[in-house]
Each structure stands twice: as structure tokens, then as C-alpha cells.
Amino acid sequence: MDLTGLPLLTGVIFTPLIGALLIAFVPREREALTRWLALGTALVTFAISLLLLPGFDPAATGFQYVETADWIPAFGIQYKLGLDGISLVLVVLTTTLSWISILASFGPIKSRLKEFMISFLILEVGMIGVFLALDLFLFYIFWEVVLVPMYLIIGIWGGANRIYATLKFVLYTLIGSLLMLVAILAAAFSFQAATGSWAGAFDFEQLRGFGFDPTLQFLAFGAFFLAFAIKVPMFPFHTWLPDAHVEAPTAGSVILAGVLLKLGGYGFIRFCLPLFPQAAHEWAPLIIVLSLIAIIYGAIVAMVQPDLKKLVAYSSVSHMGFVTLGIFIFQPQGMQGAILQMVNHGIITGALFLCVGVIYERTHDRTIAKMGGLAAPTPVYAAIFGFFMLASLGLPGLGGFVGEFLVFLGTFDYSPIAAAIASIVVILGAAYLMWMYQRVVFGELSDFLKGLGHHLTDVTPQELVTLTPLIALTLAFGVAPGLILDLIQMPVGEVLARVGGPLTGAAP
Amino acid sequence: MPFFTEAPAEAVATTGSSLDQLLVIALLALPLAGFGLTALVGRRLGARAWIIAVPAIIVVWLAALYLIYQTLIVGAFGDAGMHFRLYEWIPAGDFHVDVNFAVDALTAVMLIVVTTVGMLVHVYSIGYMAHDPGRWRFFAYLNFFMFSMLLLVLADNFLLLFVAWELVGLSSYLLIGFWYRRRSAALAAKKAFIVNRVGDLGFGLGIMAIWTTVGSLDFGEVFTRLPGQLESGAIQPWMMIGICLLLFAGAMGKSAQFPLHVWLPDAMEGPTPVSALIHAATMVNAGVYLVARANPLFAQAPEALFIVAAVGIFTCILAASIALTQKDIKRVLAYSTLSQLGYMFAALGVGAFVPAIFHLVTHGFFKGLLFLGSGSVIHAVHDEQDMDRMGGLWRRIGITHATMLVGSLAIVGIPPLAGFFSKDEILGESFKLGFVWVWAIGIVVALMTAFYMFRLMGKTFYGPSNVDPHTEPRIHESPRSMTVPLILLAVPSALIGLALGLPPENGTIHHWLEPVFRPLDEALHHGAADYQILGIDGFLLGASVAVAAVGMIVAWRLFGFFRLGPRPALVSSVTGRLRGPYVFSLRKWYFDELNDLLFVRIGGVVARGLWWFDVHVIDGAVNGVASLTQGTGRGLRLVQTGRVQNYALGIAAGLLVVAVGYLIVAR
Amino acid sequence: MSQSLDAYLILASLLFAIGTFGFLARRNAIAMLMSIELMLNAVNLAIVAFGAYVPALAGHGALIALFVMAVAAAEATVGLAIVIAIYRNKRTPLVDEYASMRE
Amino acid sequence: MSQNELLALLPLILVVGLAMAVVIIDIVLPDRDDLISAIASGGLIVTLIVIAVCGPLPGGVGLLPREGVQLFVDSSGSGVIVRDQLTAFLDLTFVVIALLSLLFAVDYLKPRGLPMAEFTATLLFAISGAMVLGSGRDLLILFLGLELLVLPGYMLAGYAKRDGLSTEGAIKYFLLGSFSSAIFLFGLALVLGFTGSTRVAAIADVLAGVAAGNAPLSLGLAMGLALLTTGVAFKIAAVPFHYWTPDAYQGSPTPVTGYLSVGPKIAAFALILRLFVDALAPLKADWLPFVIVLAATTMTLGNLVAVTQDNIKRMLAYSSIAHTGYMLVGLAAYAGAAAGSPAEAQGLEALLFYGAIYSFMNLGAFACVAALQRRPGVTSQIASFAGLGRRAPLLGVAMTLFMLSLTGIPPTAGFFAKALVIIAAVNTGGWVAFLAVLMMLNAAAAAFYYLRVVVYMYMREAPDGARPVSIGNFTRAGLIVSAALTVVIGVVPPVTTAVIDMAREAARALL
């Protein structure tokens, strides 16, 4: 089958949109149809994203499957898509988690199902678009497209304090992204001023070779940094995350942790470093320090969280610290580790949120103190939860380990002390996760859970369908991380060649 | 033709035949498959949950025997051993790590202990766990442990070793917490894992340091190139010391050396076969194995070795002093394990690597035996572990008693049992290599060992019975699946010293391991001094046997021996006179309290403090900006009074400002 | 520019200022309307003066002033209509009592 | 009168004629509201077509020549009225505003017994004033246009004459508006006196001499500038001359508020273009600082106060103040750029584009409020939007769309409007680039209150006893048109490009 002629990237981006439009015309009462249509769309999208794999050449430099069309020629704005290994793995991650999330919301979403599915599919459009856009303007548009559905998902189907959480999420993200817009436009203008033409002024491939003026680099990097740092989220811009997670419905949390946070990391790698290499070197020490703080701080604060979702949220802050750390040491192992960590964090934390969702479905509670002894009535659940708990704490052989280790390794190369500080998290991570697991799963069945009686059932087959692929992926990426590393080797090399790593300077 | 012919690390090494490779893979695949199958279908197997797991390990044992035979007896793989690569695990640019395995003499010696004790413990567990509803989990975990442990000894690079290192930690976690409903078990499991992680942190950093200096993690390359770099001045001596100490940190965690020893006694919350297998015979030896494996590095860092020796011997006496007073039979054995591990590290530290491994082997057998025996005792008295509620059992459970007596004599070091040979070599070499202080402390510990072991024997088996009257009539010897392993373990506990340790300091085990430790011997310039049975060696030997005998006899007098009755009054008068030291020992030097204070209380305060900071300061700033915005907005609203005059005045004022502005800025 | 144009302009400005002051000081809507008329007349004065003194505008000034007067008349019409409407609603011509809408 | 001149005046004639026709029909056939609405809407649609046919529009579209037509040309070759691409662009905007306002008003006025014909005629007269402003190149014409624009505006504000709030808003608007008109007129008089001409082109020539001469600005001219600045700042509702806005907006009948929030504002910007950009351009360095300060204070204060509002009409009033600030950033970008540089055109292009987009998205937002208030008695509290997403899905979706567009979230039209302004501001650099950053921070703050409406519609349940909302046909049509424009300009690339091109050519026509 020859797929080279087809606009696969456009296909993978807009298939969910078609599904969303179809769902819009489904009568409100036909809930089953809505559900299956949404799942079907997500699965088709997933299939299309898998079709990208056979034709992808990991050894090739530059972007593949590039599609270009003029959009607003007056400003040289193009509809330009393309992917390299980094985008590819993240796109497949997105399509995977999307269908899983949709399936996982079959039960929990009871009101306004149609709107939910439409929002979710549009969200998928935005996420995939961000990973594939090669035009800065287009990238920005997809970046914002992500915002609105997520705002609705948290705000409509969220918990008690959902409105506060969702407004916080949106406003926080907007502050960053709007300044990024200014920076994008400034960069494009600076290109235009130098070349005398708008042609290619938003084209990433043109811009990344263009040496921006140092002051502009510094400021524009700052704006991009703010946008991405809020999304990641980096300390101290992280406080929206626990609120958003706690209020979001399960599927929202899965996608939030699984994909949305990755948008920031991706943005750093794809845009910040190649576009503003000098500024990246100037900013890197600060970012490394913030990452180290995030890693340790997130873990310590996670320790005392009373709410399961908050705990996982703070653990995300800690885990995403590795991503930014790995990126900003400008070192091949570090950056590969960061990308691997993004993928694995997406899978594992997504799965952890699914696990929390399973409890929540049965108890309508997430307070750790009320739990206890789940191992006896729900052994399969306990095993799966335990599996992901171990994966999250970086058990070798499972997904989380290799990425974390590569980041440590890269960091050690740059600064052994930084690596030592960061690696304290292996203790803290084990501590908060195992303590949580002990309180929830071990011990005698708590009175609260006893009160539920026969409602406390083990995982349903449907829940098992959502969790099993994630188990398989966690194992696969732990045993054979080469599946991902081989894909990202070349693009990471390219990014680093542009940014001119490794980071030098007075590091202890 | 071998299956996997990827270039071995060194030219001299062999890839082994395809049968050998297949067997190595089988060593890992069988327990892994056993784990997977038992985990999936075990629940439906009911009482026969062992039906997959135990046969799998028996096959593993047989395969291991063949490989051991090939390696040690035939010498089929030469000095360098057999190395082969399964596949490339992590391909990250310059950094690539393979899944590759090696079988050399050290691995083979480890395999002896791991597979033999492992197999016997599996068999023993059939009986021991027969009535536990979660037995399928138990066998699954045990198989998983065997997989991890075998991976640990077979791995041919540091990172794969690290993987196995963590996986054995995980198995240990799962098995300690096997009775998860018991809070203490769950806590102990967590504690074991986390304390181990402290060591792993060092180990991990060590691995990173190795990679950044050598650019490889394969044992062969690291061990040849790193000393070379030191010699050529490419790296500084302190870096070598640092790497060694970081690796040793990992060893301290896994082998429970001070100050990371706190997890091991608590680990006794797990079922007794687990204690025997993991926390006595195999996993806790991993640290010793690591240091021994990395001997070419340690050879270049004598300062690091000194620290190893110091930590080892301190742990040795610390644990022994605590074992003196413990009441729980398994805790005594646990502290005894700590103490014996301390011996091994002391041996490593003084440069006596072969005796360390020798002791590892003998200890593996006799401590495994002792634990299984204690399990049999506990079984007999219906899950009672307090020795104050035992006594007089020697007539009731004869086989258990006999085998445990063998084990006790072995650990105490009475010739010609296994412990005598290995411990004596450690003490002797320490003295002769100039570490007289190690020897001196070691001798004291030997005295204490003899005392606490026979205190244990006395309280358990001799004297009047203190068993609960309800269970008293129902005391019975364990089923054959349990006693047969005991007997099978008693044999090597008694004889393996004779088999491997003669002649002293030049026995079979020395010949086996000589190629592995050659770099060390070359670096430390150990002269092959003649063994002088009538000179210094004889004196040392006599001294250690003598103190052991003294300790034993004192214990017999206080706690009884066969028909010799105990003297509780004397015991209480001694403890009364030594109230301070006694309580200090009984409370385990207050380490648990210290940890509780440092990590639970102070750590908790810090964590809660940071959370407060997060909510009130960081998030407070975020919300503060929001309220500031709203507040400003509210303030500005006040301008809007609703009165036209005010508005007009505002406009007029604005006009005035603009007019003045134009006058100022206009050219 | 001649001395006398300045004089007219100063006079116009004064008138304008008086109108402004009236607008600010009076509370009665009708009086405020009248103040605005005064301001417009001040402007007219200025325009006519310009027409008289600036050669380029010769003849235009009066024309423009005429337009301004027409507009002022229209404005007054609309204004009075609104004042009547609100007087019907509020029963007072005093604008500071029209403050139902405020923050 | 040549054919071209006739064509140039045709749109204006049509609108005025339509207004008169409405008056006459109402006399002949009283109380035929639907007929009036239909005729007026039809007439406006015809006008739209006529404008498009006459042109001139980009790419040579339209019967008139690209460079435009001047009417009543004097000896120096400059006319009093001009129909160029800027005029066409503005006329299109104004007529669309009129059309939408009309559509939204029908269903609102009827249940309240307010006469449709008078409303329609007044609105059309106001729009004709706006159109005059867009085409005038003579100070006198501009003044007449302005008065023609604002006088009907006062009447519309007080249209519900039995409603205390409406009349109160109207009198505030009227008194302050007249006050500012007088101020503006005085400024006009000074400028014309000191430059010696009423013709925009001639004034520009004179001032170019002043600017080139490096001589200090005469007191008279400086005062003239100050008075003019104040006058137009009032009309566009820039802070601190904005006081009338919230009260007038809140008091007016909702469709009128919608009209007031866009019609007079865009028309006042047209005045700025014709007066400041055309006539006073040589002095732009002098008035630039005021524009910058006005832009900064206007958007900031508008947003900060809007955040605290619970009344949606007041909230949208402050929001419209903020949008004035954004448009002023475009003006500042023009004024800050070096004369003749491409950045100049960019600034005006952004301003025009923003104005056009803002007109229908803001009108749309008010239309949603009006539709909700179709049944008298529904308050303007944001709380009345609670659960609207369910009660009236179309309204909910449309309102969400307008709110997102006002926030500037892509891919709505409002996003492109903001983006263009920022490009221009960044392009100009200096303090104006700082305005771009301030504008984005403001946009983020603004998101709070726009999204709050969405929160009420979708995330809060309707109060008990809330009745379903029925939307009239006219309103529905208008909503669909404005929503479609908001979306289509955002997501259909050729349309985006076409509208941007129109704005660009319009801007170029001015320079």
C-alpha cells in the first residue's frame, strides 16, 4: 500500500473534527450511538497515526510527510505540517490516550454526553495539531484550540470547585500563550525586516536557521518560556495543575497529564531551542535550577497530599521537572531521556488517573484517609494500581526508568551535584507512592469501604480494556526503549546541533 | 554454534555454545514464565498453586548445576567466562546498553547458593504455605524473586545489574508485605524498599560516574579501561574512590550495612521462607557480590576499601550486640545475618575477597537452614515467634532441632562445620593483612555470635516449656516437604567448608575464584604467604575457636543445653546489673526512634511546611494577582458616580491635562 | 497675525470658558443646555473672526458659522426632547438626581 | 455630475433615501412593523451590493477606479468628499452594522410596544452620518457628519422614553456628548483658523510645512490639537473620557446598546482616520504620546473594571472601552512608525480590520443579550445567563463564540484582529511594542470576564422556573450571520485573506 501520496497528517489532525461534526448531528437521546461514534472516530484517528509508522524513516534528517499550503500569503502564513521522530511518538501517544480516555468516560460521563464527546474530539484536533504544525502561526492556533475544550471539560463535567479550577487553568495558560503570540509575531517581523519579505516569516524551517538579534532572542525566549513553563508546568507556575486535576473528570485528567503537559516540553524542544539558541544558553541555568526545585519540591509536597488526584498531580510536577531538566542540559542522553520521560509519564500518569477514576467511580471519594485494604476485595485492581505505582516510581524494567535514568545521566555529565540533587527523588518518589499505596491498598478494609458493600467491585472488563494497553506499553517501553529512542535519535541530534550543546558554564 | 554471536567484551572471552546460552536464558525465562503463569491462573489452582512454580525452579536448579559444572569443573569458558548479548536495550546515541549476560566463576559460585537454596525454599514453602489462601501469590512472587536474583548474578553490565538490583528489591517488597492486612508488614515492606532506594541512589550515581568517565557500562570494558585511565592520569584518584564509594552505597543498602541496616530486621514480617531465601541466603548478599564483581575498581581505591572494612566491622558488632537481647527468634537471626554480612564486608575491605565470597556461600547455606528451621519451629508452635513462649522443644520436633543445631554450630564456627572455615579465613586474613583492629572486633563478635546463637537454641529447644498451654498438646513436627529441605541444607552447612575450604586459604574455592580476583591481587600485591598451621595461622585459628567455645558455654550455662537446665535468675541478675547496655541493645540502639524522628516527624513537618508554602505563598501569589486585579477594578469603579457633573468635571480635567501635555511635548 | 484677531480669539476663549464653567456648575439640565449653546457661540465667534482676518478663509467664516448655528439648533431640539422625556420619568430637571445607574 | 460621481454618492443616497422612505411608509401605512423591517433590511442588503458593485475594492473590483473618486474638487485637486477603498471598506462596515442592529431590534422592540419605523429611520440617519464621516475630506463635512451621527444616537439611547434608565442614559449621553462636540468644534475652528483652510489636503500641506520647519507649534495649533484629541477621545470612549459609556449602554434598550457600542465608535475612528491620519498626519509625532497613553489607560481600566461587573451590559460596556484601547494600539502603531514606512500602513490596516471584526462580534454579543431579554422583565444580570446552554442551545453556542472571539482565541476572527494589531505594534517597536505586551496581558485578564459568561451558560444550572428562550426569526438570522462571519473569517483562509486585503488597501488609500 502506498501511502506517500495521501495527506496523512491532515487526515490525522482532522479526522476527530469530522467525528465531532457527525456527533453534532446525532440526536441527544441516542447516547449509545454518540459513544460509539466518538470511540470509533478516536480509533480511526489512532489507526491513521499508526499508518505513519511504516513510511517513517528514522534515519532521515528534517521533517517527513510535509504538507504545505498558503494560508494568509500577505504575511507568509502557511498551513504547513510535518513530523519528525519527536512529533511522531507524541502524536501516537496522543491518539492512543485519546481513545482510551473516550472509552474510560463511557461510564462516568452521564450528562451532556454529546457535548463532552465533541469537546474531547476537538481537543484531540488541537493536541495533534500542535505536534505537527511547522508554521508558528498555525502552531499557535492549535495551541489555543486545545484550551477551550479543556476549559469546558473541566468546567462542565468537573467536581465541586470546577469553575475556580477551570478559570485558573485558562487564565494561567492564556497569560503565557498570549505573550508567546507577541513573541511569535515579533520573530516573524524580525525575519521580514531582514529579508524584506513576509515569505516564510512564520515557517519554522526558515526561522530556525535565522539568527535572531540577541535582545530579541532573550525576550522572545522569555515569552515562549513562560507559555511552555506554565503548560509543563514548571515550579513556580504549577499551582493550577493540582486544582485542575482534582476537579477534572477522569478522562480530562488522563489527557491533561498524558498529553497537555507534554505540549510544553515539546514546545521547548521544537521551538525554543532551535529558534533562540543563544538565549537558551542564557536562560538554561535558571531553568535547570527551577527544574531541580520542581523535582524535589513536587515530590515532597506530594507526600502529604490527602487527595489521590492531588498526589498524582504533584507527582507530575516532580516528573515533569525531569523533562525540563533533560532538555536544558543540551546533552543528547538528557534530551532523549526527556522525550522518553514525556511519553512514559503520559502513559503511566494517565493510567494512574484511570486507576484513581476506578476508585472514584465506586466510592465517589478520593480521600486517601478513607481508603484502605482494597487488595482483598479488588485484587486485580490492586495489582494494576500497584503496577503503575511501581512504574511511576521508576522501577527498572518498566517505562519510567529509562527516561529518568537518561536524564540523570545527561545531568551527571553536566553537573554531578545537580544529578545528585535530582536523584534524591528516587527515594522521595518511592516514599510518597508507596505510602499512598500502603494506605489505600494494604491493611484491613476501611470502614468507609466496608459501608459500600457489594458496590465495591473489582475492575470491569471495560476498565480492563482501557488499562491493559497501557500496561503493555509500560512494559514494552521499559524492556525495549529502543522503540522510541531509535525514532528520536536523529531529531534530538538536529536540535542539539542547532542549540550548540552541551551547556557550558560554571556548573559544579 | 552459539545463537548470539555478538562480539564479546574481550577477545579472550567466549560466547559459549548455543546450549549454554539457551540454559542461561532458561535460567531467567523459566522463573519469569512461572511468575507470569502463576499470577494469571494461580488463583484457580487452589492448594496446588505451587504446581508451576516449584517444578520451574527445580529445572532451573538442574540447568544451573550444568552451567556450574561447565564453568568450575570443566572450565569450558576459560578464565574470562562466557559472555553473550541478547539484544540492545537502550540505544541512546553514545550511550547504549545491552541486555547481555556473563557466566564466570563468581557467577557460578553465586549460582550454587542462589539456585540451591532457592530450590529448597520453594519446596519447603509447599508445606509452609499450604494453609495460606494467598499461596498462589506467594509462589508467583517467589518465582519473580528467582528471576530477579538470577538476572542479578548473570548481568554483564552495570545497568542491567542495577535493574536486577531494583527488581530483587521489589520482590522483597512484595514478599515482606505478603500479609498486607497486617499494618506492620505493609510498613516493613515499604521501609525495606525505601531504605534500599537510598543505597540505590548511590549506586545509580556511581553508574553515571562510570559512564561519564569510561563511556561504557559493560563490566569487561569498565574493568579494563577505568584502571587504565587512572594510571594514565585521565581521572584523578579521588574520582576512583568516589565511584567505588557510590557503588558501595548501593551495596550497603542491599546488604543492610550500617546505617542502612534498619530495614532488615523489620523484613522478618514476611513469611519465614522469604526470610531464609531473600533476607539471609541470597538477596542480602548482593552487596557483597557487587563489591566483589567490581574488585578491579576497588583494587585501585584502597581508601574506599578501608571504608568498606570499617562499615562492615562496625555493622558486625552493632548487629551482634543487638542480637544478644532480642526475644523474637527471627529477629535474632536477622541481626545475626547483619552481623555475618558485616564480616563479609570487613573481609572485602581488608582485601580478602575470596574469604568473603566463601563466607557468603557457607552463610547462605547455614543461615538459610537456620531460618527454615526457625520457620519449622514457628510452625510447630502455631505462629509464635517469641522465644519466651517456647522452650523444651527438642524432644518434640527432633529433625528441626537436629538440623538447627548443625546450623548453629556452623555459624558459631566450630570445626569442621562450614562456618569455621570461612570465618576463620576472614579473621585470619584480616590479621595478616594488617587490619588488626578488624580482627580484634571480629573476635569479639565471634564470642557474641556463639552466645546469642546458643541463647536462641536454649530458649527455643531446651529447658522447660513455656509454650501456650492450648497449643502445647498440638506441637508437631513439620511435614516432609519442610523437613527434607532442612536436612538437605544441613548437609552443605556441615560439609561445604571441608569441600571447598581445604587446605585453608588455598582451597578449591580459591582456585575457582582466582581469575576473577586477579586484578585485585595484582593491585594489592598480596603475597601468597605459606599457611603456617603451627605459627601465626594456628594461633589465630585457635583464638577464634576458643572464643566461640567460651561464648557457647556461657550460653549453655545461662539458657540450658539438652538436659542442662537454664538459670533465669542468673540471667536477670546479669541484665539487672547491666541495665543500661541491656536496654540499649534491646531497643536496637534506638535507630528506629532516630529514623522516626528524622524522617517521619521532621520530614513530615518539612513536607507539610512546603505544602503550606505551596498553597499560601505560591498559589497565594497567583490568587493575589487575581484579587489585586479585581480590587483595582473595584477601586476604579468608584469613579463612576452616576452624576453628570462629575463626569463633565472629569472630562474637563482630562482636557486640561491634554492641553498642558500638548504645550509640554509640542515642539 | 494682527492684534485684533488675537483679541477676538481671546474673547471667544473666554466665552467658551464661561460656557464650560456653566456646564460644570449648573445642575439644571436646561441651564446646562444653554451653557453648551454659549460654548458653541464662542466657537462661532472664533470662526467668524478667522473668516474676517485670515485671507484664505475670506467669506467662508460666516458660512461655517451658519452651519454651526443650524447644528446647534438641531442639538437643542434633540436635547429638549430628551429633557422632557426624563422630566416625565423623574419629575425633576436636576441632573444630579439622575443617578440610578452608577457603580 | 458625472456618472462616477453619481456612483460615488449612490450608497449614501440610498441609505438616506431608505430612511426617508421608512418615514413616509410609516405615515402612509402606520403600525406595519414587519413591512418596515423587511423593506429596511432589503434596502440595506441592496446598499451592500451597491457598495460592492461601485467599489473600489481590492483587485480592481467595482465600477469605480481603484484610486477612488473625488467630488467637488477645488483648484488644488483635492475634493470635499471622496470615495476610495477606505470609504468602501467603512461603508461596508457601517451598513453591516445597520443591518445587524436592525435585525436584532425587531424581536426586542415589538414585545415592548416600541415603534419600529422610528427606530429604523433614526438608525439609518445615524448610519448615513457615519458614512459621511468615512468619506469627508473637509472639516465642515466632517463636523456635519459627526453631528448627523450623534444626534440620532442620543435619540436612540432614550428610545424607551417611558423607561427611567433609558432616558437617564440618554440625557447623560446627550449632555456630555454635546459638551464634547463643543470642545471638538472649538478645536476644529482653531485648526481651520491657523491653517487657513477647511480642506483636509490643504491642511495637511500647511502642517507639513510646520512640521518640516522645526518651528515650535503655535499656541493656537497646540490648543486646537488638544481640543480635537479630547473631542474624539470622548467619541470613541477612551479613558478618561469614557464616563458616559457604562451608563448610556446600560440604560439604552439592548439592541440600541449594541449599535452604540459599535456604530458611533467605528464612525469616530473613521473621523480619526480622516482628521488625524489624513489632515494632522504631519504632526503625528506630537499626538503620538497621547495616543499611547490613552491606549494604555483605556484598555487597562476597561478590563479591570469589567472584571468586577455583574451586569452584562455594563460588563460589555467596559469591554468595549477596552477594545477601544486595542484599536488605539493600531493607531499608535501607525503614528509611531516612520513616515512612508510599511509599518504605517500596517497600523491602519490593523485598526480597520479590528474595527470591522469587532463590529459584528460585539453586536452579536449584544444580540444574544437582547434575544435573552426578548421577554420583558429579564434583567441584564449575568446570572440570567445561567444554564442558557441548555435552555437555548443556539444562543449558547453563538454567545460562546462571540465571547471567545472577543477574548481573541483562535481560530475566531477576533484572534486575527488582535494578531494584526500586535504585528503592527511590534513592527513599529519602541513604546508601541510595549503596548502590544500590555495588550496581551489585558487580553488574558479579559478572558476572565468573557469566560465567566460561558461559565454561567454551561457550568451553572438554570434557576428554577426559568422559561425556555424563544428566538425570533430576525434575531436568528442576524445571529447566524454574525456568528458565521466570526467563524468564517477565522477559519476559511481565502476569506481571511480577502478581508485583510480590503483593510490593507483601505489603509493604503489613506496614505
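As written, the chains take the letters A, B, C and D, and residue 1 is the first residue of each chain.
One rule holds for everything that comes next: a contact is a pair of C-beta atoms (placed from the backbone, for glycine too) under 8 Å apart; a residue touches a chain by one contact, two chains touch by 3 or more.
Model, not experiment: these values are computed from the prediction.
When each chain is reduced to the mean of its CA atoms, the one lying nearest the mean of all protein CA atoms is A. With each centre defined as the average position of its C-alpha atoms, the distance from chain A to chain B rounds to 38 Å. Our note on geometry: chain C versus chain D, Cα centroid distance of 26 Å, whole angstroms. Centre to centre, using the average C-alpha position, chain A and chain D are separated by 42 Å. Chain B and chain C have Cα centroids separated by 97 Å.
Looking at chain B, residues 626, 637, 639-640, 642, 644, 648 sit in touch with two or more other chains. Of all residues in chain A, those that touch two or more other chains are 171. For chain C, the set of residues touching two or more other chains reads 20, 23, 32, 95, 98, 100-103. Two chains count as a pair here when they touch; such pairs are A-B, A-D, B-C, B-D, C-D.
Across the complex, chain B is touched by residues 20, 23-24, 27, 32, 95-96, 98-103 of chain C.
Looking at the complex, you find that chain C touches chain D at residues 9, 16, 19-20, 23, 29, 32-33, 36, 39-40, 42-43, 46-47, 49-50, 54-57, 60, 64, 67-68, 71, 74-75, 78-79, 81-83, 85-86, 88-90, 95, 98, 100-103. Considering their complex, residues 626, 629-630, 632-634, 636-637, 639-640, 642, 644, 646-648, 650-651, 653-655, 658-659, 661-663, 665-667 of chain B touch chain D. Residues of chain B that touch chain A in their complex: 39, 87-95, 159, 162-163, 165-167, 170, 173, 177, 180-181, 183, 185-187, 189-190, 193-194, 197-198, 200-201, 204-205, 208-209, 211-212, 603-604, 606-608, 610-611, 614, 618-619, 621-622, 626. Against chain D, the residues of chain A that register as touching in their complex are 70-75, 79, 137, 140-141, 144-145, 147-148, 151-152, 155-156, 162-163, 166-167, 170-171, 174-175, 178-179, 181-182, 185-186, 188-189.
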